[in-house]
Amino acid sequence: MSAAELVPTIGLEVHMHLATRTKMFCACRVAYDERPNSCVCPVCLGMPGVLPVMNARAIELAVRMALALGCTIPDLAKWDRKHYYYPDLPKNYQISEYDQPLGVDGHLDVETPGGVRRIGIIRVHLEEDAGKLMHAEGGGDYSVVDLNRTGTPLLEVVSHPDMHSAEEARAYGETLRQLAVYLGVSGCNMQLGQMRFEPNISLRIGTGPDGEPRYTPIAEIKNLNSFRSVERACAYEIARHRQEYEADPAGYTLERLGKETRGWNDAEERTYLLRSKEEAHDYRYFPEPDLVPLVPDRAWVEGIRAGLPKLPGQFRKEMQEAGLPRKIIDALLQEDQIAKSWEDLVSAIRKQPQAKGWDAKRLTEIAHNWILQDVRRVLNERAIPLTELRNSHYAEEELAKLIVLVETGVINRNTGTEVFSKMIATGKSAAEIVQEGNLAQVADAGAIEALVDQAIANNPKVVQDYRGGKKASLGRLIGETMKASGGKASPQIVREILLRKLGG
Amino acid sequence: MSPTESTARQVRDAIARREASAAEVTEACLAAVDRLDPQVHAFLSVDHAGARRRAAEIDRRLAAGEPAGLLAGLPVAIKDNLCTADGQATTCASRILEGWRAPYNAHVVDRLLAEGAVIVGKTNLDEFAMGSSTENSAYGTTRNPWALDRVPGGSSGGSAAAVAARMVPAALGSDTGGSIRQPAALCGVVGVKPTYGRVSRYGLVAFASSLDQIGPIARTVGDAALLLQAAAGHDARDSTCVSQADQPLPDYLAALEEPVEGLRIGVPRQFFAEGLDPEVEAAVREALAVYERLGAKLTDVDLPHATDYAIATYYIVATSEASSNLARYDGVHYGHRSRDHADMIDMYMRSRAEGFGDEVKRRVMLGTYALSAGYYDAYYKKALQVRRLIRRDFEEAFRKVDCLMGPTSPTPAFRIGERAADPLAMYLSDIYTVSCNLAAIAGLSVPCGFTGAGLPVGLQILTDVFTEDRLLRIARMYEREVDWVSRAPALVAGGGGGAA
Amino acid sequence: MALSREEVLKAGTLSRIRLSEEDVARFASQLSDVLGYVDKLRELDTRGVEPLAHALPIHNVLRPDEPREGLTPEQALAGAPESAGDCFRVPRVIDDGTSA
C-alpha cells in the first residue's frame, strides 16, 4: 500500500470535571489551588469502613451532556470498580462505569476546513478522579500526594475513531469543550486541569484478505491537557506510525502488536512508550457492591431533554447567517443563557416602535454589543450566572427600551451604560432613570458650540497638535468638551462642531 | 439486679428507674473484664476512662430528668472492625491497622451512643472478619469461656465470648458468612444477622460488601431485640441501606412476647446431612420438638443449593469483594508501611506481606485470581448466577413456611489449633450459615442446649427479608420454654474453664 | 484445579503481596484445594440465569450537591506513615499517571 493510502484513524477520549459543588461520592467541596489535603474526608481518602453516595447533580449534568450529544440514555446504568495500584488512588480502585454507562450512541458535528464532519460518540460515562502525585519540592528523592482532587466527578466522552487528521482531532476537542461550557456542564478550564484528552491513533493500512480493514498498532496517548498538545501529539504519532510501518509493513500491525500506551513529552515534542500490550493492566472490573444501579426515570430524562437550550451548532448557523463575526459568535456561545439573551434581546428590540426601520444587521450588532459589554460586565462583577441576574431586574424588554433611547440620541452610549447599571440596581425603567437624573443628552447645537469654543480656548497646545497633523488630539478635545458638559453632550455633535471649527 | 448476671433489659430498666447508677453498673462490668479477660482475651482494648466518663454523663442526664436513650447506661462491647473515634484503635485484629485511630464513628456506634450506651471496649475477631474461630487474629486468639482450650467461633469470637463470660450484657458483631451466628452458637448466646440493608454499614470495615451486616450479640432474645432496635434504621451514608419509606423500622420489642400462631417451620434436609455432629443434631431436634409441642407444624424442605454450592459461591463472591476492599491497605495513607523497600511497588508488596496474616493473604489472592482476566466468567459471574439460584431456593421455601430451622454450626466448639492447618475444613464450619448472607435474608442463633461435655449448641432460625420482628418472636417462643440462659460458664463463678 | 507456582506468584503480584518461596509452596496447595472445591459450581446448569450482584432491588440512591466540612490536613495526615508538609510522602515514582 502506498504511503498516501495510509489513513490516520483517531478516536478521542475526553475527561472533564463536572461543574458540581461537591465530589462524585462524598460531600467534600470540589476545589482548586487549595492547601493540599484540605478538601478531603474519610470517604474520598478511602479510609477503612467508608462508603460512596452518588451526587445527584453530577448525574443530572451527565445526562444533560449525553442528551446534547444525541446519546440514548439506557434503562439501567451501573457502577463498577476498576482496580489498579497507584498512590493517588487511595482505594486502589476507581469507581467508574464499565459495561453499562449512562449514555451511548451519540455524535458531535464538528466544523473543519473541509466542511462539517459528524464524529460518532460511542459512550458517555461518569467516574471519579484520582488525586495528584507530584515530585518532591527541591528535588528530593521521593514523591508526594495531594488528595484534594480525589473523587472529583469526571465525565468521560469516548468517540468513535472517526477523525482522520490532527486538525480534526483538535477541532473535535474544541467543539466538545464549547458544548460543555455552553451547557454549564463543565467549566473546562484548561489551566485548572478540568479537561484532559487521550487520543487513540493508528493508521489504516488497507484491507485484509477477509475484506476487513487493517491497522497499525493503536497508540493511546495519556493525559494531554491542551488543544495544542492534542494536535501535536496526533501529528507526531501519525508520522511515527508511517515511519514504523514503512520500515516493517508485515510486522507493524494491530494484530501483531495490539494496543500500546504512550506519554507525551511536551518539551521534546515526542511520545514515549509507557506500556506495551503485554504490560497492559488487568483492571479486574466487577460491579460496585456499595452503590446501587441508576434507573433513570423516563419522564425525568425527557424533562432534561426538553429543557436543553438551542445547541451551539444550531445557534452558530443562525448567527453566521445574521452576519456576526466569528469572535462575537464564540463569545456569545460561551454560555447558553447568554446566547439566548442575545436572541431574546434582538426580538425585544424589533418589537420597539422606534426600531421599525432598523435593518437586521444593525439590530444584531447592537444587541451583541450590549450583551457582551454591559450585561457580561455586570455578570463578571458579580460572579453570577445570567439566570441569577434576572432576580436583579434584568429583562431583555427593558434593555431594549434603553437601547432605543441611546440609538435615538436621547442619551449617549456612555450614559446608557450608567443607566443600565442603575436599572439592575433599582429595578426602575430606563425612562424613569433618565428623567429622574436629568440625564438626557444635550443635543442643542448652540449650547454645545459654546462648550466647544471653551475647550478650544482652554487647550491651545492640543489644538496646535491637531493642526500639526496629530489626529488623535481631536479625541482629547472631544473628551474635554464632554467633561465640561457633564457627560451629557452628544458626542457626534461635539465632533461635528469641533471639526468645523478646527477646519479639518 | 446484678450487671453481670441480669439481662441487658433488666440492667437498663434498673438504671432508668435509678435503682442502680450507670457508674456502678459500668464499674461492675469493668471489674468483670479485669478479672476474666486475662483468661478469655475477648478484648483488644478496654476504655476504662472513657466508659466511666460516659457513665457519669448518663447519670447526670438521668438526675436532671433529661432523656438518656433506649440503652441508657448499658455497657456494650464493639467488635474491632467497627470504627470508633473515641481514642481507641480500630485494628480489625490486623497488624496492618495496628494503632490506627479512626477519625469518625461507625453509624451504629453513633446510634448506640445516641441511645445512651457505654462502650466498654473493642473486641477480638478473626483478622478483617475472615475466619470462623478468631484464631486468625494478629493479637492472639480468644478462648471459649465454656472451655478455655476451645475456640469461641468467629469471626465475632471476642464479642460472643465477652457476652458469654458475662463481662458485658451485650455486644455488636458483624456477619458475612455466619460470623455472628456461629460464635453465638459456640458460646451459648443469642446472635442476630439482620436482613442485608437493615443496618447501615457505614463505618464497618468492609470484608464482603454485598454480604456484610452488623448485628447484636446478647444472652437473651429480648436483649438482642433491644440492641437491634437501637442500631438499625436508614443512614444516608450507606447507599445499600434500605429507606424508612421502603421498609419502616418496626418496634422489635412491642410484640416480642406474642407467639406466632400457626407457625410453619421448614426443616431443610441439607442442614441435617453428613458432617453434622450427633449431639448437635439431638439438641436441635429436641428444640424442634418443643416448637411442635407449642403447636408449630414442621415440614421437610429442600434447599438444593444452600450448603456445598453455597460455600463454593461464598468463597468466590466474598473473596473477590474482599480482594477489592482490602486493596486500600497499602501503607501509603494510613496503616503499616514496611521499613525497607526498594521502590513504590516493593513498598506495596512488603507492607501488605508484613501487615496481613495468612488467611487474609489466601483470600485476597483467591479473590484477585477469581476476578482476573480470563477467569471472571468461570468464577465470579458463575458464582453470582448460583447466588440467584440460592436466593430462589429460599423464595420457594418461604412460600410454604414461615421460617427455616436447623443447627447453626455442624459441630460444637472445636479445639484451638484443630482446624488451623486446613483452611477448607475451617470454611466448612459455615456450611449452614453462608446461604443466609448470599440470599440477604435474616437469621439468628439461639441457645438450644449443651453437649455431654458442656459445650453449647445453637439453633439457627432463618426468615425472609425484613421480617426480624417475626424472627425474634419465633425465637422467643422457644426461649420462654427453656432456661439455658441461667447456666453460666464455670469461669464466671471463679472455676477453671475446664477442658472436656 | 491445581495452581502452578507461576500462577500463585502472579496472584501475589496482582494482589501486591510479596511471597517467599515457602509462601508460594504453601499457598499453592491450599489455594488449589479451595479452587478444587469451588469448581463444583460447574455441576450446575446456569444458562439463562441472571447474575445476582445486588442483594436488594434498590435503585437511584442520590444525595444533594451540598458541601460538608471534611477533615483538616492534620487529621487527614494523622495516620500517614510518612508525610512531607501537607502531603503524603511516598517513594519516588518515575512515570506519570499510570501504574504502580
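Here are some notes:
Order as written gives the chain letters A, B and C; numbering starts at 1 within each chain.
Simple rule for what comes next: a residue touches a chain if its C-beta (ideal position, glycine included) is under 8 Å from a C-beta of that chain, and two chains touch if they have at least 3 such contacts.
What you see is a predicted model; the values in this text were computed from it and never measured.
Set against one another, A-C and A-B show the most C-beta pairs in contact at A-C. Central chain assignment: C. Criterion: smallest distance from chain C-alpha mean to the mean of all protein C-alpha atoms. For chain C, the chain with the farthest CA centroid is A.
Chain geometry summary: the mean Cα position of chain B and that of chain C are 24 Å apart. The distance from the centre of chain A to the centre of chain C, with each centre set as the mean of the Cα atoms, comes to 38 Å.
Here the CA centre of chain A is 54 Å from the CA centre of chain B.
Counting only residues that touch two or more partner chains, chain C has 14, 16, 53-54, 58, 61, 63, 71, 88, 90-93, 100. Residue positions of chain B with contacts to 2 or more other chains are 100, 103, 210, 236, 239-240, 327, 330, 332-334, 344-345, 348, 368, 372. Residues of chain A found to touch two or more other chains are 42, 45, 53-54, 85, 87, 145, 147, 282, 284, 289, 291-292. For chain A in complex with chain C, the residues that touch the partner chain are 20-22, 26-29, 35-42, 44-45, 53-59, 84-87, 133-136, 140-147, 222-223, 261, 263, 274-275, 281-282, 284, 287, 289, 291-295, 297.
For chain B in complex with chain A, the touching residues are 81-83, 90, 92, 97, 100, 102-104, 106, 201-206, 208-210, 236-240, 320-321, 324, 327-328, 330, 332-334, 344-345, 348, 368, 371-373, 376, 380. Partner chain C is touched in their complex by these residues of chain B: 100-101, 103, 196-197, 210-211, 236, 239-240, 242, 246, 305, 308-309, 311-313, 315-316, 323, 327, 330-337, 341, 343-350, 352-353, 356, 361-362, 364-366, 368-369, 372, 379, 381-389, 391, 423-424, 427, 440, 465. Against chain B, in their complex, chain C makes its touches with residues 3, 7-8, 11-19, 23, 27, 30-31, 33-35, 37-42, 44, 46, 49-56, 58, 61, 63, 71, 75, 78-82, 88, 90-93, 100. Interface of chain C with chain A (complex): residues 14, 16, 53-54, 58-68, 70-73, 76-77, 84-93, 95-100.
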